[in-house]
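Right after this note come the structures.
Each of the next two complexes has chain A plus one other chain: chain B in the first, chain C in the second.
Right after this comes the complex of A and B.
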């Protein structure tokens, strides 16, 4: 027989046998590792819990604890669960053991990506204002996930000074990263409003502003829901960029007051259907029936979403349900469909009736 | 005659070896992709997306036909999926059992005059039901029209820009949707579809609609399928996904941009492989329109499905699958080695055609020709045997490697389960594989005769999995 074939046979047989052994060992090892991790996690959880209940920090902390990611997870779990005095106690434990510094060291760029990511992931939950500078350097990390975690860490420690830099970076990254950055800034709450407004105003003054991130900033201002953002959102609603108008209309649903009613009444006649669809929702959310006629007219809009949203807005306005019931009996089947849908969802249709006849 | 037999035997052996080596190459490629994916799944904190108001909402669409045994558990499981905003739309495709009644009773459904859009043409809708319970559930009762048609009705009814099509007999892992949507969120302009990781539910422990522990099933047939699923979903698809060449987004968990499905014409009615058909049509649509797109696979989006427990049911399933593939091969023959269709046309679709569709014929030929060739002395029996054993070893290496990759999930670490898995890697070649080869050849022989809905006997989650 050909020696080559015999060699190949030997190699494949050897490889098969090796893989069998490797798989068996890996599975056994994995099982033991998981068991060991479970035991350690339980130990750390009970140890931190006991320290917390007694209110006493360990006099001679074991250095191994501070190095162990499982201990970080246990401390982070407690830190997220407790508030007030207890949280300050957990913070002091983190400080005493130097956990934050260890994580900051591991998040440096000389470490592999997985080490950095794991470290910064824990740091998000354990960071204190003392780690602000380190987190600020991490928002320039080459790995997007590390950057996102760093932004979340800064948001949690309330570093409003970093907002404009974060948004500048958001203009250079992919949309998903910018969206997660915006999510993180929402977590910062009302403190982020002023810096975001300032950044948006500055960006708008540029010849070539970042359209996407300004729109995203508009949306995040809406999600924070602070009335201070209303003037800038109204300005965005009046801009010549459809994406900004859509974002502003969406945001005014949460951040709008009486001041926004007139601009939104204009916006429901916008050429872009997305603006109409969002603006009508915002008007509905304000529960101001001044524009009820105009909203009712949108039941015949050529876009499905605008019709649906207009019907949805009417369910929130005084007298709106009657308008929808009237639309049900009307000759416009599109309006009747939208009315029927929203009346069904809102539960306003108490009686069961057949679908309107269609041609 | 001797020469013909000798050459034929050699061709079959080389083909078989090439098939196994190709699978091994895909497995190695998948290993690299899974490493990165694992890191992000563990430390990327994607669960933060759950509290995000910027996460796009999703409609979970389900087609149900005579799913009485497991429909309530499946919908209960779906309702517990972790995601900020989603709805469930079930299309009852004219079931002849009490599927609809069970849904009405379990979720307190009441009939509503709900308007259904007509983006995709479908069989007539009889009635729409909404739930009085605090669950965003809509049930659409419709005339029988096949699985694809039922899914199209559900998509027409869906309110949200992304639809997740799934089967009525699956249990969706709590984080599956958020893992799949992470890929969408990372590239919303281009990602039009995401497939999930389908795993056999048989042998698993289920508590309150969730799989709390995976387990190796009892029978050889189920274990064989477990190995097949691991090879397909852990060892092959990550690689295809990385090069944007996924030829199939499995129907048990497929997330689509709603517009992409509508643009591609929706699911094909009366097609036995409606998932492969839609995936390929989406590829073709975007390639022909020269629009950048991605069809991706998320190994972390896990869905548990009941696999056949008896030979008869498995036979029916495999025949149905192979007929679906056969129709797809006919419909998309222009994609084979078509450079305009990118990696799908040049790599994955030819692989599907030559190593999935044609394989049973070549393999069966081998089982007939090679013994004859050996008997008449056209080939050296020892040499043939050695080549055959080498091919088997390469196949086993692929399976073992796939199981090693599967270790990322931490399943089956009990020593007895490990032994069972190791055994099936070798035993599958001693009859089980040949059995499916025969069924697939029969599927090709009888052509496209059956209806689109497979008549798989469902035993229900309570029976198939252990209660926790």
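Right after this comes the complex of A and C.
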């Protein structure tokens, strides 16, 4: 029995020692790889920086550089840092080394998933209009991450012609991908506004429109913040779909003008509290003191967010702070709570005061 | 020419800006984080370029401490942060200028030249 235990202990000790040695070797090996990566990264950063600051492309570029993802990172780092002539220089370096073509090849389906994602991610940072066709192919890829990266790439190169197809795809994918797709289009900026409006109008005319993607498109128009989107956003605000009204109310904060004031004055009485909460913020951002009383009425809304947003909106309007101070002294505990919070946040009260006792 | 303090955690930004400034004959002091930048302020440079988001102190924190100590050399904030609040805060703290990344190197050099003591 003792001999058996001794044998087991010896074997266990041997295995443990072997494992420790293996782990140490792996750790050492990993550290060396990381060190080598650091050296290469520093070398590439220095080399590209020298080329850029001197404005001289290498006469005989080393092909090994163009194949190395760390070199792609270094080039992307500079490309995202500079504009104008310097960016054009970086683009000419990418062209000369054929980096775009290498990345497009590596993004093909025969490569492992990690290689593909690394390649398409770098392509997003380095893409020029010359890569538009390749990126357009990728938005139909079976891999959702490739599709999202491809949309980012198309947004960066400003391919407005792809917007409609991208939004169509968004109607068939999972919500997370649709949201990331819509957000990626923000980078296209004002150029995306007309195609997105056209897509929304077309979708609204269908018997069974995609509720989620129309709402995401409304949000997208708000993030871009272009006044051309105002009519379609007002139309969404007046729809019978709560998600569209919520998105439109949010977006009008950034894309609305005087034309939106009246629809928003209606929206602050919406049955859906999410619409009321967003509409009151938008109204506060664009209305004058005419809307003060209507907004002040929301201080007694049954939803906490609506009350807080109404109080926040009042801090933006001339005379609104006085209205909040009046609410602070009033008998409605909920209105006083919202007023106290927002007056404190806005700095109109030097310090927090206790709420009046609940009656 | 001038002594310019350049603080940015990105080696690419430091290298590119340094090369351009040195080509124009300036002396460049480099820092890769906010604490090192703050310490180099004691060298009393003619101008400082501060990245807003750095390890340690942020650009506006460094600027605030310098101004508190009455170090009044011109400071340019350089940042990828496109936040109106940060721009206003940095100008209120006494930054001479706020430059957004990505930036144009000729524009950066022109702004530096405009703020250097003549």
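Convention: the second predicted complex is superposed on the first by the 330 of 359 C-alpha atoms of A that agree within 3 Å, B and C clash if a C-alpha of one lies under 4 Å from a C-alpha of the other, contacts with A are read in each partner's own complex, and residues count from 1 in each chain.
Following the convention adopted for this analysis, a contact is a pair of C-beta atoms (placed from the backbone, for glycine too) under 8 Å apart; a residue touches a chain by one contact, two chains touch by 3 or more.
Just so you know, these numbers come straight off a predicted model, no measurement behind them.
By the touch criterion defined above, A:129 lies against neither chain B nor chain C after alignment on the C-alpha atoms of chain A.
When the shared chain is aligned, chain C comes close enough to touch A:74, but chain B does not.
In the superposed model, A:319 lies in contact with neither chain B nor chain C. In the superposed model, A:83 lies in contact with chain C only, and not with chain B. In the superposition on chain A, contact is made by A:337 with chain B only, not with chain C.
Using the contact criterion defined above for the overlaid structures, shared-chain residue A:113 touches chain B, although it does not reach chain C. With both structures placed on the common chain, the touch criterion links A:49 to chain C but leaves chain B unconnected. Comparing chain B with chain C, the partner in contact with more residues of chain A is B. Touching chain A in their complex are the following residues of chain B: 39-40, 42-45, 48-49, 51-54, 111-115, 117, 130, 185-189, 380, 382-383, 386-387, 389-390, 393-394, 396-397, 400-401, 403-404, 407, 410, 412-415, 418, 422. Those residues of chain C lying in contact with chain A across their complex are 10-13, 15-16, 19-20, 23, 101-107.
Residues 42, 45-46, 48-50, 52-54, 74, 77-78, 80-87 of chain A are the ones touching chain C in the complex. Looking at the complex, you find that chain A touches chain B at residues 1-2, 5-6, 8-9, 12-13, 15-16, 19-20, 22-24, 26-28, 30-31, 34, 113-114, 117-118, 121, 124, 145, 149, 152, 174-176, 179-180, 182-183, 186, 219, 223, 304, 337-338, 340-341, 344, 349, 352-355.
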